[in-house]
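For reference, chains read A, B, C and D in written order, and residue numbers begin at 1 within each chain.
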Amino acid sequence: MQHNIKKIGVMTSGGDAPGMNAAIRAVARACSYYNVKCVGYYRGYQGMIEGDSIELTARSVKNIVSEGGTILKSARSTAFRTKEGRKKAYDNLVEEGVDAMILIGGDGTFTGGMIFSKEFDIPVIGVPGTIDNDISGTKFTIGYDTALNTVVEAIDKIRDTASSHNRLFFVEVMGRDAGFIALNAGVGAGAEEILIPEEDLGLDRLLESLQRSRRSGKSSSIVVVSEGDKIGKNVFELAEYVTENLPDYEARVSVLGHMQRGGKPSCFDRVLASRLGVKAVELILDGQSNVMVGVSDNNLIVTNIEKAVKGKHTINKELLRISDILSV
Amino acid sequence: MQHNIKKIGVMTSGGDAPGMNAAIRAVARACSYYNVKCVGYYRGYQGMIEGDSIELTARSVKNIVSEGGTILKSARSTAFRTKEGRKKAYDNLVEEGVDAMILIGGDGTFTGGMIFSKEFDIPVIGVPGTIDNDISGTKFTIGYDTALNTVVEAIDKIRDTASSHNRLFFVEVMGRDAGFIALNAGVGAGAEEILIPEEDLGLDRLLESLQRSRRSGKSSSIVVVSEGDKIGKNVFELAEYVTENLPDYEARVSVLGHMQRGGKPSCFDRVLASRLGVKAVELILDGQSNVMVGVSDNNLIVTNIEKAVKGKHTINKELLRISDILSV
Amino acid sequence: MQHNIKKIGVMTSGGDAPGMNAAIRAVARACSYYNVKCVGYYRGYQGMIEGDSIELTARSVKNIVSEGGTILKSARSTAFRTKEGRKKAYDNLVEEGVDAMILIGGDGTFTGGMIFSKEFDIPVIGVPGTIDNDISGTKFTIGYDTALNTVVEAIDKIRDTASSHNRLFFVEVMGRDAGFIALNAGVGAGAEEILIPEEDLGLDRLLESLQRSRRSGKSSSIVVVSEGDKIGKNVFELAEYVTENLPDYEARVSVLGHMQRGGKPSCFDRVLASRLGVKAVELILDGQSNVMVGVSDNNLIVTNIEKAVKGKHTINKELLRISDILSV
Amino acid sequence: MQHNIKKIGVMTSGGDAPGMNAAIRAVARACSYYNVKCVGYYRGYQGMIEGDSIELTARSVKNIVSEGGTILKSARSTAFRTKEGRKKAYDNLVEEGVDAMILIGGDGTFTGGMIFSKEFDIPVIGVPGTIDNDISGTKFTIGYDTALNTVVEAIDKIRDTASSHNRLFFVEVMGRDAGFIALNAGVGAGAEEILIPEEDLGLDRLLESLQRSRRSGKSSSIVVVSEGDKIGKNVFELAEYVTENLPDYEARVSVLGHMQRGGKPSCFDRVLASRLGVKAVELILDGQSNVMVGVSDNNLIVTNIEKAVKGKHTINKELLRISDILSV
């Protein structure tokens, strides 16, 4: 490849996700392989504004492929929403000699990068990293598969006690406005009912479904509730509502919370992150900019970053049907 | 051993704990080994009252040594608190030909068993099974070690995201009125501060400690809070109070909840449950009654069940000191 | 759907794989949902020949979605390779009233099923279940994702000790004649070198690569070796050869073995198995036969079973290139 | 405490064990707490001889409480067996200003330390760290509990496939000349037979036991074999011998290998390592030398290091009896 790239910057932004470190490692090692320098910025755009950075070499990223979190840390930056903030960030890149930036994050991260790239004519490449899987232009985002396993393992444990006590559990999972985690982890954990933002089941049908479930001989039940669910009640109100209307149910609530963001990445996420990280570097050396690299049908694909931000990654509603059949 | 025991009953009662199945298996197999019949009662005392039971053979308990929960299920029984209820239970045991009962559970279970045994002159043996470790007469209860690992693994995950975002997390763990889980899992997870019912740190000292922690260069912190803690605020109020008083802290709350009760038991809990279950059978064949079997210094010990119920298993405050030193 | 299917049979055959139970559950529940009876045959074709079966209801498959292994057990059947054996199996199906069979397994299973279906004009549907991922007509087989995580977790542990002692480890993984597990788990675990049957690296290049690796400052290294690798030496001979030629290396061998076949299935495998199992039932009700259901680009696809057996699922050699770049 | 200790050195030696990092962290933080400097030596005695060291501060050991392996690495040192080697090590300590050494390791480590301490009159404190649990003067060594869980989890996976295929598995586990791991993990995993160096079962009784096991209706079996077992055949020969004599058994072998040394430490090991590490520092400040700190009945105890080395930590043979009863 002919190019005049001498140094590539990389950062992680938005909610952290398992596999971000594997992606950072892939970027740093691909840079080393192609004889390009690599610098990591701490805390996303905030570190770019503050010039808070560290040189990344092939050796300095060793053994992080298996670590959760992000060694570059992550943050939200209000300063970067201002022209002044972005100007500072750009000046720091120029001073440091950074020719292009790789942005590991989600929608918000890419929107910022898109504006920045246009304003200052600097190449940016997006790498989708979020547990929510809510990004267009890729079938899978880094961290999503690990989060699914974390949720399923937690619900397996909850199932043990639910089943010992013949109880009904409402388990709230993450996912922002998307139901990917709830739907897939719900099917994986054998949940009796799954509530996601994309489909409003309605309170009446929930009660019906739970009654049917008990009549069919089930002594315990799990309802997985997405945090973005639109049923009009939060998970605690939901549990109360159900207990009031179905008095023979003893209901409990579990909010899985931030543990869903951490943990050692699954093999799937490590391989995905490794492939996307290497490809991001190669895209830069190939003269590309303003694109996001993703995966579809196990092949890497490249999408205009604007299209990725504006597009919508819709869930597969077939799974809702599967869930209905399986909770018979 | 000379004895005229022909059939032993076993049940699990109170909050379920990982390893209860290993204990049930040990009871069933020891019965088979000593040529005694074994019957399991479902849902604790409630199943005894209802005569809801199942024959347990050496083969019917296969492969449950590694399973969380309890195949005999657990429940609280209000009926057993009445003389009529206990009479019904006794009549069922007589009809079934049960000569002695093994009770796997905690304080409440043993108290019920003590009364029952006196009223109807039937031998009962207690086996301590609860994740809370709050039983006198044993250093370790079945399920406690597994719960510690579950908590530590969850906090490891939370640490990933706390550290990525430089955040302060309040993590609430189980333990009823005892701080065993909070204290040990807190030290194991490297928590900066641990709040337990046995010691009221006070809000001022908590703020001080967190400030010191940040000054010493720590960018993220974990505070483990026992559900029975006496600081006068629940974990959400606590997080709010700290954020108001230390504005540079971004605080989050995670309530680990019922997943702490489930999961495959650790090796420690399986071995403990196996030893206690076998011993419980042997104590019955040896003519004993109204005792609890426990472990101390890796040896099995036997305590009068009344003493076990009335005694108090106090935490090792040395660990609080260790925690202070380690969070320097 | 209009059909005259009254009873569907299901079995598992060949090497067992995590998620087979989730597939069995999906078949049983889909049958229940569509008001069709379901019967499970034990030990694959052998159970069909012996008439060794069990009725499967919606309730009898509860809580197995999370269990490794197969409740229907698996076996190889030499008797089924004879016309007499297959005739016996067919007679048993007729007697039992089974209208169609769902076969969960790999190449060998499907080849048997194809012959059987032609001989006796009975519909068969294949569901790909094997950790090796070596089946044409699907991007992923049931159990593969779980095996990858098992291997990566084991190598993470080996990395700990390799890194503490500055050692070189040769880790042999499963996969029969295919390198899927070795290649993906190798990239996921950050292996320095990966030996797969599809590409003969050669002994000289292996030595070179290891020398380069040490010169670049690495103090420990992991080489992942597929069991079907064609380098001409088994993993122990390989370690010896390397130690003789690179005396400053202290080499150790670890053969991961059968633990790769077991364990709780990952969320990915549970969802995949659930979708494939339901679809297999629906294909039968839809009048189809002699096809295998698979997944591609996250959509279900249907392939003629003969094509699936004769086709070849080739590995993605891009990953070998990625591995080279990442081990820089 | 009155003392004139200004700097404490710490190292890890022998086979690495999960929790060694937690012990290093405890030493470093306790030093910081007591205003003493701390220096870590790499690769055990070898680093002391080469003067290969690193300053350890409260911050430099952050987040290692959960990490397997040892950040100080480990090695065997032949040079330290010579007077010259030890002299060099001593000179380096003097030059560095180290007043006392904390040695984390096993028997071999302590023997070396004992000689060194006598020769050069420098205080040494032993901290027992080995997965084998074969050290006198403590009920538990650092890493042992984690290794038990690793073994039990691996055998759970093997049980899945053994049970699916009705097979007999021989699983070899670590433990050097002691049967602690085999015996406890064997009971925890529900093994049908356990072979340990402390008791020679004999080949005939093994065959008998396996035959009885099958007659009693068991379709699959696990035999756990300690690497130090004295039955006179290695695990592969054993499997062959059994298959020859019991032809209806299909036997397989799995050697768990070095993965037993790695992985995140269990809560038990982290708490144990934290307590022992702090205590070791306090013993030095208290003027003690040539002792090992251990744990008994959940209390810390201090043993003369010579006694610890010469003593023998015997296994609890009660567990063999328990295992017999449970495999009925």
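By our rule, a contact is a pair of C-beta atoms (placed from the backbone, for glycine too) under 8 Å apart; a residue touches a chain by one contact, two chains touch by 3 or more.
Composition by chain, UniProt nomenclature: A, B, C, D = ATP-dependent 6-phosphofructokinase.
If you're wondering where the values come from, they're calculated on a predicted model, not measured in any experiment.
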{"item": "Most widely separated chain from chain C, with each centre as the mean of CA atoms", "value": "B"}
{"item": "Cα-centroid distance, chain C relative to chain D, in whole angstrom", "value": "35"}
{"item": "Chain B and chain C, separation of their C-alpha mean positions in angstrom", "value": "39"}
{"item": "Length of the line joining the C-alpha centres of chain A and chain C, rounded to whole Å", "value": "28"}
{"item": "Residue list for chain C, restricted to those that touch at least two other chains", "value": "156, 159, 163"}
{"item": "Interchain contacts, given as pairs of chains that touch", "value": "A-B, A-C, B-D, C-D"}
{"item": "Contact footprint of chain B on chain D as seen in their complex", "value": "25-26, 29-30, 32-33, 58-59, 62-63, 65-66, 139, 145, 148-149, 151-153, 156, 159, 163, 184-185, 187-190, 216-218, 264, 266-268, 270-271, 274-275, 278, 296-298, 300, 316, 318-319, 322, 325-328"}
{"item": "Contact set on chain A toward chain B in their complex", "value": "12, 15-16, 18, 43, 67-70, 73-75, 150, 154, 156-166, 169, 252-263"}
